[in-house]
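Below: a set of structures, written as C-alpha cells.
Look at the two complexes coming up: chain A is in both, with chain B in one and chain C in the other.
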Partner chain A sequence: MDRDHNQNSGRLRKLLTRASRSQAVVGIALLLPAFTFFAVFIIYPILHAVWLSFQDLYLMRGIDSIEPYGFGNFRRFFADPRWTLYVRNTVIWTFGSVVGEVGLGLLLALLLNRRIPFRPVWRGIVILPWLMPPVVVAIVWRWILDGEWGILNYVLMNLGIIQSRISWLTNRSTMWISILVISWWKSIPFSFVNLLAGLQMIPEELYEAAIVDGASLWHRFRMITLPLLRPVLVVVTLLMTIWRSHDFNLLWALTRGGPGGQSTTLAILSYRVGFEFYRVAYGASIGVLLMAFMLVFTGVYMRRIRLDI
Partner chain B sequence: MPLGKQWVLGWRTPVMLAITVVLAVGVVGFAVARGAAEEDETVTIVYLSSGSAEVEQAHDQKWVREFNEMQDEIYVDYQLTTWADIFDRLYADLGAGNPPDVVWYGHAQINDWMEMGILEPINDWVSQDLLDQYLDHIVDESNEIVQDGQLYGAPFTQASRAFIVRRDWFEEVGYPPEEIRTWDQFMEAAAAVYDPERGRYATTITLAEDRMVGAALHHYYAPAFGLRNAVDFRDEMRDNYIEMLTQMQELAEYMPPAQEGWTHRDSIISYTEGVVAVALQGSYFQGDLAGLAPQMAQPDVTAIMPVPTAVPGGNPHASAYTVGYSILRAAQNKEAAGRFIEFMADRDVAVEWAMNVSPHKGVTIDDRVAALGDQVRWWEEEWGALFAGGGDVDLLSIPPYSPTSEIDSVKAEVIGDLLGGRIGPEEAYDQLKERVEAIRG
Partner chain C sequence: MMRRRRSRPGRQIEGSFVFRRARDLVTVILLAWIAFPFLWGLISSLKTADAIFSRVPTLLPNPVTLQHYYWAFTNARFMRGLLNSFVVAGATALLAMTICAAAAYSLARYRYRFKKSIMTFFVSTQMLPRVLVAIPLFVIFTRLRLVDTYLGLVLGYATFAAPFAILMLRGFFAGFPVELEESAWIDGASRLQAFFRIVLPLIVPGIIATGLFAFVLAWNDLLFAMILARSASVVPAAVVLNNLAHSQFAGTNYGGLLAGGVILTLPAVIFFLSLQHHLIAGMTAGATKG
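This part shows the complex of A and B:
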C-alpha cells in the first residue's frame, strides 16, 4: 500500500515536473517576441540615449564625428542662462496641466456620477475632446485665440469685456493660462473616465449609512469618496504627470516653444537642440535630464503616498 | 489528463505557433523578394522632394512619371517631405545608411549641407549643356551654390525677394510705391498707411517662426542698412546694425501685435486678408495670391517694390537665390541621379515650374505664359521690370550663414524682445553678436 502510494506520488511528481518544465518552455517561447520587442524598442533606445548624452555629436561636423564628452553636455545645459526658464516652463506646464486636468476631471466625475437627466449624453460630450488629435486641437484653438482675427477677442469685445484685442497665446501675461486651459480641455476626459470608474466602485451603502448618521455632503466627500478614490487618484495623477512632463505635440503645435522661447519646455528644447540644431548628443542629454527629474519625482511621490504597487 | 499536457496541447498553442510561423515566413519572403528585386537590371533612385504645395506636387508627379515612362533603365522613387521636416528626414536616412539619391535644396539648406560635406558636386554627373543653360550669375563663383569652383545644385527655379505692397493703400495716402526709394520715405509711408481703427498695419515680421525672422533680417533689413548679411558683426558695421535695430523697433509701432504668434501661413493670410500693407514675400508669392485672393493678384492692387535703402546714395535692393536639386555624397547611384537631374532641370521642363522666375537663359515672359497661363503675365512683368531696373535697383545674392536653424532661433528670441520693447537696440546687438558668434565658434 505504502509502496504503491510512493510509486504513484513519484510518478505524479515526475509528470508535474515535466509538465511545468514544458509549460515554462512554451511560456518563454511565447514571451520571447514581446520581450524582444521591448528590448529592441524600449530598453535599447533608453540605454543608447543615456550613452549618447555622454558623447559629443554635432552633425555639422559630420555623422562620424562622435567622441566621448563626459559630463560636458550637462555642464553646457546648466551654463545656459535660460536653463531656469526651461525648467520653470516644464514645471508650469506639467503641474499646471495635471492639477487642472485632475481637479476638473474629478469635479465632472462627481457631477456626472449623480443621477441627472440625460446623463449618458453629458458623459459623451465630456469625452469628445479626447477623440480629437492634438494637432487639430492646437490649430482650432490657435484660430480661436489669435490676436488679430480670433473669435474670442471678437466675442469679448462685442460684449464689452475687453477694449482692445489680446494676443492670448503670445502675451506674456495670458500665454500660460491660455495654454493650460487648452490642455485641460483636451485631457480632462482621461481623468474623468478613470475617476468616474473609481467612483462607481464605491459601495452605495457607505453613503446611505453616512446620511443616516447625519454626515454632510462635504463630510461624505472627505471621509468616504476621497479615501476610497485615493488609489485611482494616485495612479491617474502619476500617469498624467509623467505623460505631461515629456508631452510635445500639443505645446509644439500651439506655440512651437515661443514666443522667443518663453514656452519652451525641456521636451521641446530636447527636440529643437537635437533635430533642428543638429546637436544630437546635447539633445539626448536634455532628454536624460528630464527622465532623471521624473524618476526622482516619481520616487518621492510614491514614497509620500506610500502606495503599495 | 495531467495539467501540463493539457496546457501544451490546448488550442492556443498551435494557433500561436501558426501565427509565429506565418510571420517568420512573411519576413523571410519579404527579404528574398527584395533581394530579387535588387537583382533586377533597373536602377532605382530615391528622389526626396520638399515641394509640398499642390502645384509643386503636381509638377513633380507629372515629370517623374514622364521620366519613368520614357526609359526603363532608371526608376525614380518619388518621396515627399516638407521644408520643415527635410533636415530630420535626411539625417535619419543618412544615419540609417539609406540616403536618397536626389534631394531638394533651398537657400536655408545648401550652405549647411556643403559645410557638412554631405553633398556631391554635380559637375561630373550632368552635362556641360545643362550648365550652359543657366544664367551666368547662377554658375558664377560668388553664388551660394558654388564652392571651390564646383556646383552643388541644379536650380529649377530662381526666387527673388522684395516688398510685396498694397499699391492701392499706398496711393490712397499719397505714397505711390515707385516713389519710395529711401528708408526715411518708407517710414513716412508706413506711418501714413497705418490705421489700426480700420485694421490696417504697415508690415509684419512673423515672430513665431524662426526661419521667417531669419529671412526678414537676411533678405530685407540687413542689406537695406548696408550689411553683408544678418550675421555681419564686423566692428566697422556696428553702427549700421544698431541703426537697423533702432529702425525696426520704431517700425514695430506700425506692426500688428498679434504677429508674435504668427507663422509663415499667418503672414500670407495677413496680406491676403488686407491686414498688412507690406508683405515680406518673394517671387513665389504669386501662387498664394492667385489661390487665396485672386482679386489682389492684380497690378492695380499689388505691386512689387524693391527694399528701400538706408544707405546714403545707395540703391533699393531685391535679393535672388535658387531652389533646385542636389546629389547626396552617399548616394548609391550618382550616375542615374545625374541623368534624372539633367531631365528635371532642363529648360523645357523647368519652364513649367509654377512659381518664381526661370533660372535659364533665354526664357521669355511669353514662354512662361505659354507654359502656365495668362494669369502669370503681370507677375512675370513686375519681376522682369525690377530685374531690368536700369541700374537703380541692386539685385543681390546675399551670402548665407550657417548653421541656419540655430542662429535663426537666436534672432527670433532677440528680435521678439526688441520689437516688444523689452530690450533696446544696443542690448539686442550685444546679445545677437555674443550668441551668434558663440554658435559659429
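This part shows the complex of A and C:
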C-alpha cells in the first residue's frame, strides 16, 4: 500500500509515515462496531446454545424453567428410534443437493463459457432461480408437481411415460428425487456464477497451446480446466455442503419435514422440537449435534483435499 | 431459440457434428428447465380459477385475469406482511451497512496484526447453523422483551446479513484504486476525510448493491421470522404466504398463492434488472474472492 513513488515530496513522505504509524490504531477502531455486534449477537448466542443443550427448558413451564440436565438431551435424541432416519435424511439432503448443484452448475458454466450468440441472455436465465424466494420456489414447484392438477403429470401421462398421476412430493419413492431436483434448480445460480468466474480466470493461451499440440476436448478438460478450476471447485463444494446441511427455508416451505417426518433433517427437527413441542433446549442440542457433525466433516474434507489456497 | 443452433465459423468448431448438436440440445434443455417454473408460475397466476383447475392445461392464459392479484392485494394479512417485510428487511440492510462498511474498509486498506485471523473469523460466522443462532436469540430476546418486535427481528436477520455484507463490501473497497485516495492525502486530506469525500461517493453503487443483497436475504427468510415473530403486526410476508400455502384449503387457491409469489419475487427482480453486475459480485464474494 505504501508504495514508494520516486517523485515523493517530503510532505507526502511525512504524511505516509504518520498514516502508517496511526493506521493500525485506526484500522482496529474501524473494526470495533462490527466486532461488537458479532460478539454479542452471534458468538454469545452460539455459546449460549451450547450451554443450553446441557439444560432442560420446557417452554410450557415458562422461559425461566431452565435447569441442568447433563447429557439428557443427547440421550433423548439417541433413544429416539428415528434418529437414524433424521441423520439419513440430513445426509441425503446435503450431499444429494451439493452433487447436483455443483455438477449441473459446472456443466452450465462450461456450456455457456463458449462463444455463442446472445450469451448474456442465457447467462441471465441461469441466474433467475436466485431471485425467487424459497417460499415462492416451493409454491411454484408444488403447483408443477401437484398430484391432481400438475403440468408434469399431464405431460408424462400424455407421453405415456406414467399410467396414473403421482403425488411427487408426498409419495415416498418420489419424494427425495423431487426435493433434490428443486434444490438443484434453486441453487444452480450460486455454483454457476462462481464456477464461471473460475473458468474465466483460466488463461486462453493454455487452450490455444493445447489445440496446437492436438489435445482433444476431453484431454483439455482433464488436463487444463479441472486442475486450474480445482481451488474454486473445492471452496464452492465446501461452502454449499455447509450451507445445505443446515438449510431450513426451502425444505420447510416444500414439505415441512413431512410426510410423517420422512423428509425431516436435523435442522428441521431442531426447529420442530423447539417450537412445535416447546422443548427449546432439546432443539438447541440437536443444532449442536449438527454443528459438531459439520465441524468433523469440514476437518476431514480439508485434510483430504489438502486445501492450499 | 432458433438462432443459437446456428454454429459460428472459426476455431470454436470442433468435435463431431453429433457431439455439437448434442451439446446444443443439452444447453437448451437445461435452460428450458431453469426458465419454465418462472413462466409457468407467472402464466398460471394470470389464469381464471377454471383454467387453472382444468384437465387440459392451456399454454397461455385466455382470458387474462388479475383476480388473483386482486385477492392478494386485498388480503389484509398478506399486505400487512409485505409492510412488515419492507420495514424489517430495509432496517436490516441499513443496520448491516452501518456496522460493516467501516470494518470492510479497514480489512481492505489498513495493515495490522492478526488481520487474516480476523477475516477468517468474519467469514466463518457464515458457516454456523442459523437455527443454532435463532434458538438462543429467542431465549435471550424473550427475557429482553424483544420477541415479536421489529427490533428483535432486525437484530436476528443482521446475524446472517452482516457476514455477507462485510465480505461483499471488502471486495468493493479492495477493488477501489488506492491511487485516488493517495492523491487526496497529497492534497492535505486526512485519511478519514479522504474516505468520506473520495472513496464513499465513488463506492456508492457497491454499497447500494450490498444493501439490496442484505435486503433480499432478510426478505427471503422463514426460520428467524417463525421463531422471533408471532403477531400479524410483525410477521413478514414470506411467513404469511407459506402459512397460506400450507393451510387446509390451499390446494383450491393456487392462483392466489402464485400471485402472492409473483409479488414476493418482484423486489429481487427489480434489483437484478438494475444492478445485475453487482449482484454477481455479491454471489462470488465468498468463494472466488475469499
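Here is the rule we use: the second predicted complex is superposed on the first by the 284 of 309 C-alpha atoms of A that agree within 3 Å, B and C clash if a C-alpha of one lies under 4 Å from a C-alpha of the other, contacts with A are read in each partner's own complex, and residues count from 1 in each chain.
Methods note: a contact is a pair of C-beta atoms (placed from the backbone, for glycine too) under 8 Å apart; a residue touches a chain by one contact, two chains touch by 3 or more.
Just so you know, these numbers come straight off a predicted model, no measurement behind them.
Once chain A of one complex is fitted onto chain A of the other, the partner contacts of A:30 extend to both chain B and chain C. Shared-chain residue A:272: touches chain B; no touch with chain C.
Of the two partner chains, chain B and chain C are each touched by A:63.
By the document's definition of touching, neither partner reaches A:178: not chain B, not chain C. Contacts of A:260 after superposition: chain B is touched, whereas chain C is not reached. When the two complexes are overlaid on their common chain A, residue A:94 makes contact with neither chain B nor chain C. Of the two partner chains placed by superposition, only chain C is touched by A:48; chain B is not. Legend: residue contacts after superposition of the two complexes on their common chain; A:112 is shown touching chain C, with no touch to chain B. Look at A:142: by the touch rule set out above, it reaches both chain B and chain C. Among chain B and chain C, the chain that touches a larger number of residues in chain A is C.
Counting contacts by the rule stated earlier, residues 15-16, 19-20, 23, 26, 30, 33, 63, 142, 146, 148-149, 256, 275 of chain A appear in both its interface with chain B and its interface with chain C. By the touch criterion given at the top, residues 15-16, 18-23, 26, 30, 33, 59-63, 142, 146-149, 165, 167, 169-171, 255-256, 258-261, 272, 275-278 of chain A touch chain B in their complex.
Residues 2-5, 7-8, 13, 16, 20, 87-88, 91, 94-95, 112, 115-117, 199, 207-209, 256-258, 260-261, 263, 266, 270, 273, 275, 402-403, 405-406, 409, 412-414, 416-417 of chain B are the ones touching chain A in the complex.
Listed in rising order, the residues of chain C touching chain A in the complex are 3-4, 6, 8, 10-12, 14-15, 23, 26-27, 30-31, 33-35, 37-38, 40-41, 44, 52-54, 56-57, 98-100, 102-103, 105-107, 109-113, 118, 121-122, 125, 127-133, 135-140, 142-143, 155, 158-159, 162-163, 166, 178, 185-186, 191-192, 219-223, 226-227, 238, 241-242, 245-246, 251, 254, 257-258, 260-262, 264-265, 268-269, 271-272, 276, 279-280, 283-284, 286-288, 290. Within the complex, the chain A residues that touch chain C are 1, 9, 11-12, 15-16, 19-20, 23-24, 26-28, 30-31, 33-35, 37-38, 41-46, 48-49, 52, 57, 63, 104, 107-108, 111-112, 114-118, 122, 124-144, 146, 148-149, 151, 154, 185, 188-190, 193-194, 197-198, 211, 217, 232, 235-236, 239, 242-243, 245-246, 248-249, 252-253, 256, 267, 270-271, 274-275, 280, 283-284, 287-288, 290-291, 294, 298.
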